[in-house]
Amino acid sequence: MKIHEYQAKDIFEKYGIPVNPGRVASTPEEAAAYASEVGKTVVVKAQVHVGGRGKAGGVKLAHNSDQAYQVAKEILGMDIKGCTVKKVLVADGVDIDREIYAGVTLDLSCKKIVFLVSAAGGVDIEEVAATMPEKIKKIYIDPLLGMRDFQARQLAFELFSDPEQNKAARDLFKKLYKAFIETDCSLAEINPLVVTKQGKLLAIDAKINFDDNALDKHPELMALNDPEEEELDEIDAKNNGLSFIKLDGEIGCVVNGAGLAMATMDIVKLFGGEPANFLDVGGSSNPQKIVKAFQLLLKNKKIKAVFINIFGGITRCDDIANGLISASQQMDIHLPVVIRLAGTNEEKARQILSENKFTAYSKMEDAVREVVALAKGEQNVNNR
Amino acid sequence: MKIHEYQAKDIFEKYGIPVNPGRVASTPEEAAAYASEVGKTVVVKAQVHVGGRGKAGGVKLAHNSDQAYQVAKEILGMDIKGCTVKKVLVADGVDIDREIYAGVTLDLSCKKIVFLVSAAGGVDIEEVAATMPEKIKKIYIDPLLGMRDFQARQLAFELFSDPEQNKAARDLFKKLYKAFIETDCSLAEINPLVVTKQGKLLAIDAKINFDDNALDKHPELMALNDPEEEELDEIDAKNNGLSFIKLDGEIGCVVNGAGLAMATMDIVKLFGGEPANFLDVGGSSNPQKIVKAFQLLLKNKKIKAVFINIFGGITRCDDIANGLISASQQMDIHLPVVIRLAGTNEEKARQILSENKFTAYSKMEDAVREVVALAKGEQNVNNR
Amino acid sequence: MSIIVDQNTKVLVQGITGRDGSFHAKAMRDYGTQVVGGVTPGKGGQDVDGIPVFNTVSEAVKATDANASVIYVPAMLAVDAIYEAADAGLGLIVCISEGIPVLDMLRAYNYLQNKNIILIGGNCPGVISPGKCKIGIMPGSIHRQGNVGLISRSGTLTYEVVSSITQAGLGQSTVVGIGGDPVKGINYIEVLHLFQNDPDTHQIVLLGEIGGTDEEAAAEYIKKYVSKPVFSFIAGKTAPQGKRMGHAGAIISGGKGTAADKVRALEQAGVTVLDRPDIIGEVIAKSLRV
Amino acid sequence: MSIIVDQNTKVLVQGITGRDGSFHAKAMRDYGTQVVGGVTPGKGGQDVDGIPVFNTVSEAVKATDANASVIYVPAMLAVDAIYEAADAGLGLIVCISEGIPVLDMLRAYNYLQNKNIILIGGNCPGVISPGKCKIGIMPGSIHRQGNVGLISRSGTLTYEVVSSITQAGLGQSTVVGIGGDPVKGINYIEVLHLFQNDPDTHQIVLLGEIGGTDEEAAAEYIKKYVSKPVFSFIAGKTAPQGKRMGHAGAIISGGKGTAADKVRALEQAGVTVLDRPDIIGEVIAKSLRV
């Protein structure tokens, strides 16, 4: 789960990480009000879940409240990579001496937590990683042991010779690690972490991604969920135990298992079709999931045919069949539906389907050929 | 560091472990006041740092405030294994259904934390361990991983089939473990942990020993220090970087290193003397420690001669020599002093000593013979 | 011979009284697996269709001599179940549960290092040596004893390929579904090592998907150490960048871990990479007829 | 040959700018040890009598190729220093610091398992192979190269015995002070194993003291695996029960770990147990003349 900069800053503050003050605003008036309150230069920053907002014009300085009103008005409603800006953060301006990068994430190849810092902060860190990897210092942290003092020192001595800044950095890095662990992040990042002209460390940006699997442990974090428009269907799906991603094609896919779902998309494409979505109904499906799946698919007017591809393991084919029957009863499925069933309880499922005048393929290839043909307006490709 | 039952109960309460209410009292009046406040049977319990107070008559029931006054009067001032009772805990009486044992400590042989429970609570657990070891269930906890839920379950299913008590026990065990870890205990014990007639779990006794080495991490725990009379010298010594234990003999020992200090006592005894104390001035000694050592020794009127046995490693012999000179200037050392020096900066030390009219042996045997003879009133055994 | 499991594997089912646990306990037993017991705290003393239930794993191990465990408990309890199985001395732990918090699994992974325990999963279909032992959720009927060893990050995709192998008249030595989570127990390389040394495995199928660099690492290992023919399919060619495709592992970011990368790495290691999974059986059969 | 350390050991001193650190860094170097650098956070770039100081151990290792470390930092920082040395890849860590919190050390001990690192101490005098390398705080002058291997939980008691060996005209192969803390790194058994396999060690001296059951465990090991003659002294015969004698380890409780127990166990293992430490050298010398 992604959260906004202002929310991440709130969390950092709770962990004692110094951030520059600010207030979130949904209207130019609110932005102007905060600017006049602080009475100095502010930065107005679009709050969206995508990167590159600076280049897109979503971050602007304002030297007074009129300017704050003006730039907030420009930024609010702006489209950044498909996301509409609904909120801005109006943050106090800071006199910057140095910009640093600090981030914590997982290193999946070595199965440790990795803490990264770089003196080259304030820029796209993935680009730094790609072009100047030597500029990034990495420390690997054993998750059973946690971050040790010496590791904070290793990071701090990489960046700061001044004893006070060094100490402040050690302290900050430990807090960032603590925030990462205690809120089950997959990423916690400060870019840039600045040294002000007064020599103080300050997080003037903040990025946190939470591990979706761990959110049940942190009900208070759920409240921070503010999905972008385009993510709404995905989240609706997730809340119903489905994994859904909208694509551009015309063949709606309903598959069990992420690997098979991806393979299904690949084969549809290989046979000349275009998948309209990734949709994994997950393991241990109950019939209701299929109903939900159809609700999602039917929203997409581009879809010309639906392909249900199930290989039952923990998923039982009869559950899927029952789900399909329910869906067909609850809504008008005006699209052709091609079914392929195999695996656990396959026979039961075939019986249920045939009682309801559906038929199902058992070989994937036959089903794909048919659904691609149907989507193109052809009929009876397999002569059944 | 040992603390009293009432102090340990306070800590347990902070960790959410249910204890029976009570109040500490230093006078019979205070004890009576609490008894009349609660208006039911109370238990008056001597607060001393030694076990076996029950058998010694230091724990008594009182059914009303008069009785509470009476038994508190009896117990206060009582001598239990050399400790004078200065405080009693007046605790609410409990209707007991079952008595259980629960304790956490270190297992040094396997280098894990060990959690012990037994259905045979309320009795001397060391005796249970010796005679009926099968009645004690042990769980070993990896200190890097901490106590896991399944371990709490393993313990709880050993004792409770009732689902609610089982759950309460799991919860309590996890809290006891947390208290043990977070306050750096060497022992945290509830004996007995009782099930009341109402079916609730309650710690009606509590024992905590802290790791002395870790107390610097917990300044708030230092305030709980309430040494017994007989421990005062030992604590005074500890505060001055010395390790001191009073014994019954007449030869005062000042040694560097615990192993050599014990060996010195053993040899003194082997040669017919009786050591008056164990005294380790520790590594990295500064001269001031020797002054303190003499202050401690001179308090003991039984001492007839002092044996300084130093083999310098991290301890430098010249520091010891300087300390001895300071001591001889600051106080009247009216006792014969036999010195043995070897190791780091030995030559420097000999020079300092000879400038101040002390001489020092280099072989331990010679020195021991002399000090034993001196303590017996003989002179010049080595003809020097 | 077979790897990881065989006729002597005695399995405990953690979470045996749940919907999936009880269903698959019976399915495994019906397949012929020695399902010797189950664990559900608080239900000790009951039984599931004749399989005895215990309160704790250590109790169950003592009573049954089990040497393996399969976990069907809810995601938030799964890591504790892994610790419990490990602590009870079981040498094989198969974790079916899906949705385990990543940091919790990371700790468990590090804890299990150097402990001589094989953990498969979480979020995996399990492991089967057809005709000998099935631990997990895969439909037993599609399998057939044979000489193709199969490793996969995906469950249902595995069934597809198993089915194609069986339909091609071949069979499987062992099929290992290592699971789709970013942090999991056994990985491609360990299984490749076992297959390379298993005399009953003649060909190896490696099913991969976008995200991470495990397939690339496997390719390097194959190049160096695997002499048996390897066939592969990588799912996710049509997946858009930066999107998480169900499996937490299946996310492409920073231009790494694309299907093209993986296919290239595997082909350079001499692996036959196919563009659809359902023909793998045929392709292997054809390679044998040549 | 010698165990644990030799001429090729390159030592870093953690806490080199402190009173003890600087004193013993110089003393070790004067003895002939390769003291290649020191570490004190914030003092990187300085030097101690020509020995370069670094901010972190990993930096120091990179610059000096050190393979061992000795720790002289305050007790509350010692465990972090151990982790830092371990993480920097040093294979030998000697921790002199005294007063380390037990639970912190317990975590470090468990962390170091299976990492192929030798930790000696804390609260120990260190290790010396006379004439080759001295790491720690022992006075070098009392040692002499020879064939007696010595293990001890106590520092100064060790010097006493080393001195008696040297004065008896013999010498030491390696002397290992394993330290007096209840939780420490290397223990008797590991060192006994090394001595048994060291061709330059002909006799072994094991110095013990009351408390714990490490000597009993060592006795069992000797009985089974050690063929070289072993001599021993156990300190604390005169110690009263239940009192902690300086060393946290030296406490007798519950009737276990008394001097008598240990002496009995060792004698049953064929060890020559003496009632005073200062004659051990003579006794060994005499045994050789027979």
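Just so it is clear, A, B, C and D label the chains in written order, and each chain counts residues from 1 on its own.
Following the convention adopted for this analysis, contacts are C-beta pairs under 8 Å (C-beta built on N, C-alpha and C of every residue); 3 or more make two chains touch, one makes a residue touch a chain.
Predicted model only: the values in this text are computed from it and were never measured.
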| said: Can you give me the shortest step count from subunit B to subunit C, moving only between touching chains? | reply: 1
| request: Report back the single chain whose CA centre is most distant from the CA centre of subunit D. | output: A
| note | Per the C-alpha centroid definition, the whole-Å distance linking subunit A and subunit D comes out as 54
| field | Approximate Å spacing (C-alpha centroids) for the pair subunit B, subunit D | value | 27
| Rounded Å distance, subunit C centre to subunit D centre (Cα mean) | 47
| note | Contacts with two or more other chains occur in subunit A at residues 142, 144-145
| field | Residues of subunit C touching at least two other chains | value | 107, 111
| remark: Per the touch rule, the subunit B residues reaching subunit A in their complex are 144-145
| request: Give every residue of subunit B touching subunit D within the complex, in rising order. | output: 106, 108-109, 111-113, 126, 129-130, 142-144, 181, 184, 186, 211-214, 216-217, 243, 245, 247, 255-263, 265-270, 275, 278, 280, 282-284, 310-315, 342-344, 363-365
| said: Touching residues of subunit A toward subunit D in the complex: what are they? | reply: 142, 144-145, 148-151, 153-154, 157, 163, 166
| Touching residues (chain side subunit D, partner subunit B) in the complex | 19-20, 24, 27, 75-76, 96, 98-104, 106-107, 109-111, 125, 136-139, 142, 152-160, 163, 180, 182-183, 207, 209-210, 212-213, 217, 233, 235-240, 243-248, 250, 254, 275-278
| task | Provide the residue numbers of subunit D that touch subunit A in the complex, in ascending order. | result | 41-42, 44, 55-59, 77, 80-81, 83-84, 87, 107, 111
